[in-house]
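Take a look at the structures listed below.
The same chain A turns up in both complexes below, where it pairs with chain B and then with chain C.
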Partner chain A sequence: MSAQQGRHRRRWSSALALVVGAAIVLVAWQAAIVVGGYEPYLLPGPLEVGGRFVTGWTDGTIAPHALTTLQEVVLGFLVGAALGVPTGVLLARSRIAAQVLSPYIVAAQSMPILALAPLIALWFGTGLLSKVVICGLIVFFPVAVSTMVGVRSVDPRLIEMARAFRATRNQLIRQIELPAALPAILGGMRVGATLAVVGAIVGEWAGADRGLGVLVNLARGSLFDTPLMFAALLTIAILGVALYLVVVAIERRLVADRS
Partner chain B sequence: MGEGQAARWDGRERHDAAGIRLLASPGSRRHLPTRTPRRVRTSRAGPEWRSSLAGIEIDDLSRSFPTIDGPPLLALDRLDLSVADRQAVAIVGPNGCGKSTLLRCVGGLLAADRGTVSIDGRIVGGPDPAAGIVFQEARLLPWRDVAGNVGLPLELAGRGRATRDARTAELLALVGLTEFATSRPHQLSGGLRQRAAIARALALGPSVLLLDEPFSALDALTRERFGFELLRIWSRTATTILLVTHSVPEAVVLADRVVVMTPRPGRIAADIAVDLPRPRQLSMLGSASGSQAAAAVRAALGETTGEATIEPRTTEPSPADDAGDLRDPLAGVGRPAWFDPFGREEGR
Partner chain C sequence: MPIAPYRHRLAMRAAAVGLLAAIVAGCGTSVSTILATVGPETTPMRVGLGYIPSVQFAPFYLAQQAGYYADAGLEVTFENGNDADIIRLTGSGDYDIGIADGTSLIPAVSQGIPVRYLATLYADFPSIVFAKPGAGITTAADLEGKKLGMPGKFGSSWVMLQALLSSVGLTPADLEIVEFPDFGQRVAVEEGIVDAATGFINNEPIQLARSGTAPIVLAVDEVVPLPGPGLISGQSTIDGPKREAVRAFVAATLRAMADIAADPMRGVEAAEVAVPELAADREGQLAVLEATVGAWQSPYTEANGLGAIDSGAWTESIDFMRAMPESPVAEPVTADQIIEQELLP
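Here is the complex of A and B:
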C-alpha cells in the first residue's frame, strides 16, 4: 500500500520536474529574444513556434512530410536491425567471419553518412528506397556490434547446459544465445532508433521531394518561414524521442522480468 | 594419428612420468606430446560384449588439458570404474583431481583422449539422453519460468507440446515444485532452483543421473535437507547416480560407494563401500559402519592431500570453481579446501 503510494508520489514528482524543466527552457528562450532583440526570421519565440507547429499540423503542411519520414525511419530501422542481428551472431560465433567482415563493417561505419548519401541517392533514386538504405546502413552497425558483444558474453555455463541436453547449433542460437543477448541487442536498437531519424533527414537532403528534411529546407529557402522550420525540427525531435520510447517499452516488456 | 598410436603403446609410462615430473619441476616436460582433445572410440572389450550390462562402465579413461605455458595437464589417468545399475556412487577428492572432468566425460560433454565410457552398454560419444546432468549451479534460463526450464530438454528433443506439458507437470510434482511452475528462477531460493535443475535433468527419463557438486551453492541447512530430497527422488526414479561432492559426511550418507580420487593425474585412490541400510538417516553417520566408512574415506583423502601439499602451484588457485569453469577445468588446483563437512563452501 505504502509502496504503491510511494511509486505514485515518485511518478508525480518526476512529471513535475519535467514540466518545471520545460518551463525554464521556454522562459530562457523567450528571455533571450527580449534581451537580444532578435528578429523572428532569425530566432522566433516559443509562442510563435508553438503556434506555427499547431497550424502546420492543422492546415496539412507538416503531416505528409512527417508521415514520409516516419515511414522511411521505421522501414530503414527494421531492415538494419533485421540484418544487424544475424550478422552480430555470425561475428560472435565465427572467427573467420569476424576477421573477414569486421574491416568492411568498421570502414563503412566510419565513413560519414553525409558523404555517402549523395552516392546512395544516385544509385537508389530519390524515393523511399534510398532513405531505407541509408537508415538501414546507419542502424545496422550498432545493432550488429551489440548483438556480437551480447552473444559473446553469454554465460558459457548455460551453453554447456544446453549442450548437455543435446541442443543443436540452431537451437543453441535461438533458445539460448539470442534470448540471453537480448538486453544487449535492445541496447543497440535504442541507439539505432535515434540514428535512423538522422539517416532519414540526411537522405532527404541528398534528394527527395517529401519529408521533414525537405520541409526544413523548404521553410528556410523558398518559403522563408523560420517558425515553420522550427516546427519541422520540433517534429523531428518528437519523432526521435517517440521511437526511442517505443524501443524502451519493448525492452521493458521483454527483459524486465529476468531479475 | 601416429602420435595417438604412440600414446596407446607406451601411454602408461609417459603419463606416470608426467605425473611425477609435475610434482618435481613443472617446466621440464616439453618433449611430451601435446594432446588435443579427441575422441577415441575403440574399446579393448568391444561394446557388444557387455551390451547386457546396465549402469556405467568406465574403461581405461584418460583425458588431459592443454595449458597456456606448459605441457598438457593430465586430468584423468587410465581410470577404470563401474557403477552397477541403480547404484549411487559418490566421488570425493581434493580440488582439481578430475572429478568434474570425469563427470563430464560420462555425460559426453568432454571427449576422452583414450578409453571409453559406456552407459547401459552403449558407448558414450557425445551428450547422451541416457545421462541427465545437474551442475553446481542450477543453470536455469532466467527468461523462462520454472516449467519452461524443466521442459527445455523435451523441447530441444522436439517433443510435442502436449507431451511436454504432461511430462513437465509430472516432473514438477516429483520434485515438489508444482506451485512454482510459473515462477521465474530469480524468485526461487537456491534449493528450489536446484530441485528444478534435477527435474530438468530427469526430463528425458535418463538411466543415469550425474550430479556435479549440486549442493555446494546451498547453505548448510538447505544442503542437508536437499540431500535427502535427492534420495527420495532417486528412490522414485530408479536411476544410477554419480555424485561429485566435497563433503565426506554427505558422500557417506547418500551413496552406496564412495570413490576417492587423487589429484594430478586423476586416479582412483580408494573405493569404499558404505554399508548402511536404506532409507538413510543423518544419525547413521554416528553408527559403527557409518563412522567406519567416513574414517576410511578420510584416511584415503589424507593420503591424497599429503601428496597435494608438496605440489608446486602451477595453476593459479582461482576460487571454488573447478566445476563451473569450462575453459579451465582445473582452476583451483592446489587448493586443499575439500575438507568441508556439510557446508561452509568457500567462494560460492
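Here is the complex of A and C:
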C-alpha cells in the first residue's frame, strides 16, 4: 500500500469514526426521551432541535446573536492572550514578579466568573466592553500559566548557547524562549479559546441585548421555545469547537513551520 | 411507541415503593407502619413557589401552619424556583401546583406546555414603573426621552412597559433604556442615574417610601389589564386523581389570603416562622405584605371574590401580547385554553 493510499484510508477511518460517534450520541439522546417519557418542552428530540436549528438560521433568529457572541469571544480571546503571554514570560523569568503576582493571579482565577460577571457589567456597562473584559479574564490565566510553564521548561543549554553568542535579553525571549515554549503556549490558547465562549455567555447572562446567551435566556424564560434554546446551545458548542480547531490549525502551521 | 410520562412516573414510583419496602423489610419494620404514620387519606402535593422564600408567600405559609392544608387532607411541600422552570415542571406534572405570572403563561401555553391558570393571586398587575417626585414624570407620556432602568428586555416588566407606552402612543424606542441585570434599578433611581425604572408594587416603591421619598408609580392596569401571578396546575394533574386535592389546595390558600387581608400581621408572623431571617425587619415585612395585599384586590375581585379570574381581561392581554413587536406568543392561543374556572371555591 502506497503512502497516499494509507493517508486516504486514515481520513476515511476518521470520518467514519466521527459519523459513528455522532450516530451513537443521537440514538442515545432519542432513547433517553423515549425511556424517560420527556415532553418536548422538557427535552426535545434531535430531529426537532435540528429542524429548529435550520429555521433559526434561515429566518434570521440565531445569526445576529451568534455574530455578537463571536465578536465578544474573538476580541476577549485576543485581549486575554495578548496579556497572558507577556505575563507568563515575566512570571517565568522574574522570581520577584512570580512572588508578587502569583497569589493575586491564582486568587483572581479562584473567584467564580459567574459571581464576578454582574459586578463587571456594573463597572463596564452591559455592552461589548464588559464581555471582552470577562472573556479576557477567563482566557488570561490558562495562557499565562502555560506560557510560564513553557518558558521555564526551555532547554537551559539552548539559553546558554544563545548567551555565548551574546544574545540580548529581548533576543533571548523572542528567538529562543518563546519559539521553544510555543507548543505549551498554544496548548493554553486551546483551553482559552473554549473558555472564552463560556466567558461570553456568562457575560451575556449578566446583562446584554444580544448574544447567544441572551437567546438561550429568551428561549427558556420568555418564549418557552425549548427547541430554540437547544439550537442556541448547539450554536454555542459549534462556535467553541470551531475556535478550538482554528487554534489547532494555527498550532499545526506554526509548529510545522518551526520543524 | 413511547411510554407516556404519567405511566412512566407510575412505574418509577412503583419501583421506588418496592425498593423502599425491601429496605424497610430488611430493617424489620413493616410498610403498613409507614403508611399508618403518613395517613391513608393524605394526598402529597409538591408546590413550586417563586424564586426566593419571602413574605409575599405568606398565604402559603399561613395555610400550612394553621392546618388549612392538613384539614383538607393535603401534605404540602414547598419548593422555590424561577417562573420558567415552575411552569415546565407543573406542566409535566412534577409539581402539582405552581405560581406563575400570567404574561409568562400565555407564551408557555402557546408553545404547547399543558398548564392551566386556576386562581388569581395578584388581581392588580404587580409590575410598575416608578420615579422620584421631581423627575418630571407623572404620566406615561412623560417617559418620552427619559432614561428608564430595567433588568432586561424580557419578562413581565418588558410586557408591562410596552403596554404602558403604547397607551400614550409611545414605544420603547422613544426612551433610553438602561439595563440593570442585577436588579439595581432602585439605587439608580435614588442616585439619579436614571429618571425612572421598572419594579414591583410591593418592592421598590415600599423601600423608597421607607427611606423618605414616596415615589410616583405608573401602573398598567388602567391601560391593559395584564394577568398577574396566580396558581397554576398541569392539565394531567387536574384531569387525574388529584383534581379534588387541587381544588382543596386552592380553597385553603384563598382562605389564608382572606385571613391575611383582614389582619396582615398574621401573614408576617407566619412568614417569620417559615423564614426566620425575615424577623430582623418586621416593620419592613409588614409594609411589603400590606402592599401585596393591596395588589391581590381589584374591582373585579371585590365583585367576584379573591382569586376570581377575569376571562375578558385575559383575552385583552392575549390580543395585546400577540400584537407586540417580536411577540413572545408563537402560536394563537385563547383564554379558554389557559384558564380553568371550575376549581375555584
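Keep in mind that, in the parts below, the second predicted complex is superposed on the first by the 253 of 259 C-alpha atoms of A that agree within 3 Å, B and C clash if a C-alpha of one lies under 4 Å from a C-alpha of the other, contacts with A are read in each partner's own complex, and residues count from 1 in each chain.
Keep this in mind: a residue touches a chain if its C-beta (ideal position, glycine included) is under 8 Å from a C-beta of that chain, and two chains touch if they have at least 3 such contacts.
A quick note: this is a predicted structure, and the numbers were derived from the prediction, not measured.
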Simultaneous placement of chain C and chain B on chain A, clash or fit: fit
Touching partner for A:34 - first (chain B), second (chain C), both, neither: second
Which of chain B and chain C A:179 touches, first, second, both or neither: first
Chain B versus chain C as contact partner of A:62, first or second or both or neither: neither
Angular separation of chain B and chain C about chain A, which is computed from CA centres of the superposed model and rounded to the nearest 10 °: 150
First, second, both or neither for A:132, with chain B first and chain C second: neither
First (chain B), second (chain C), both or neither touched by A:171: first
Dominant toucher of chain A (residue count), chain B or chain C: C
Partner chain in contact with A:156 - chain B first, chain C second, else both or neither: first
Lowest C-alpha to C-alpha distance for chain C against chain B (Å): 49
Footprint overlap on chain A, comparing chain B with chain C: none
Contacting residues of chain A [partner chain B, same complex]: 156-158, 160-168, 171, 175-176, 179-180, 182, 255, 257-259
Sites on chain A touched by chain C in the complex: 33-42, 118, 121-122, 126, 205-209, 217-218, 220-226
In the complex, chain C residues that touch chain A: 2-5, 7-9, 82-84, 87-88, 91-92, 104, 107-108, 110-113, 152-155, 158, 179-182, 184, 328, 330
Residue ranges of chain B in contact with chain A within the complex: 107-109, 126-127, 129, 133, 135, 137, 139, 141-143, 152-153, 155-157, 184, 186, 200, 203-204, 324, 326-327
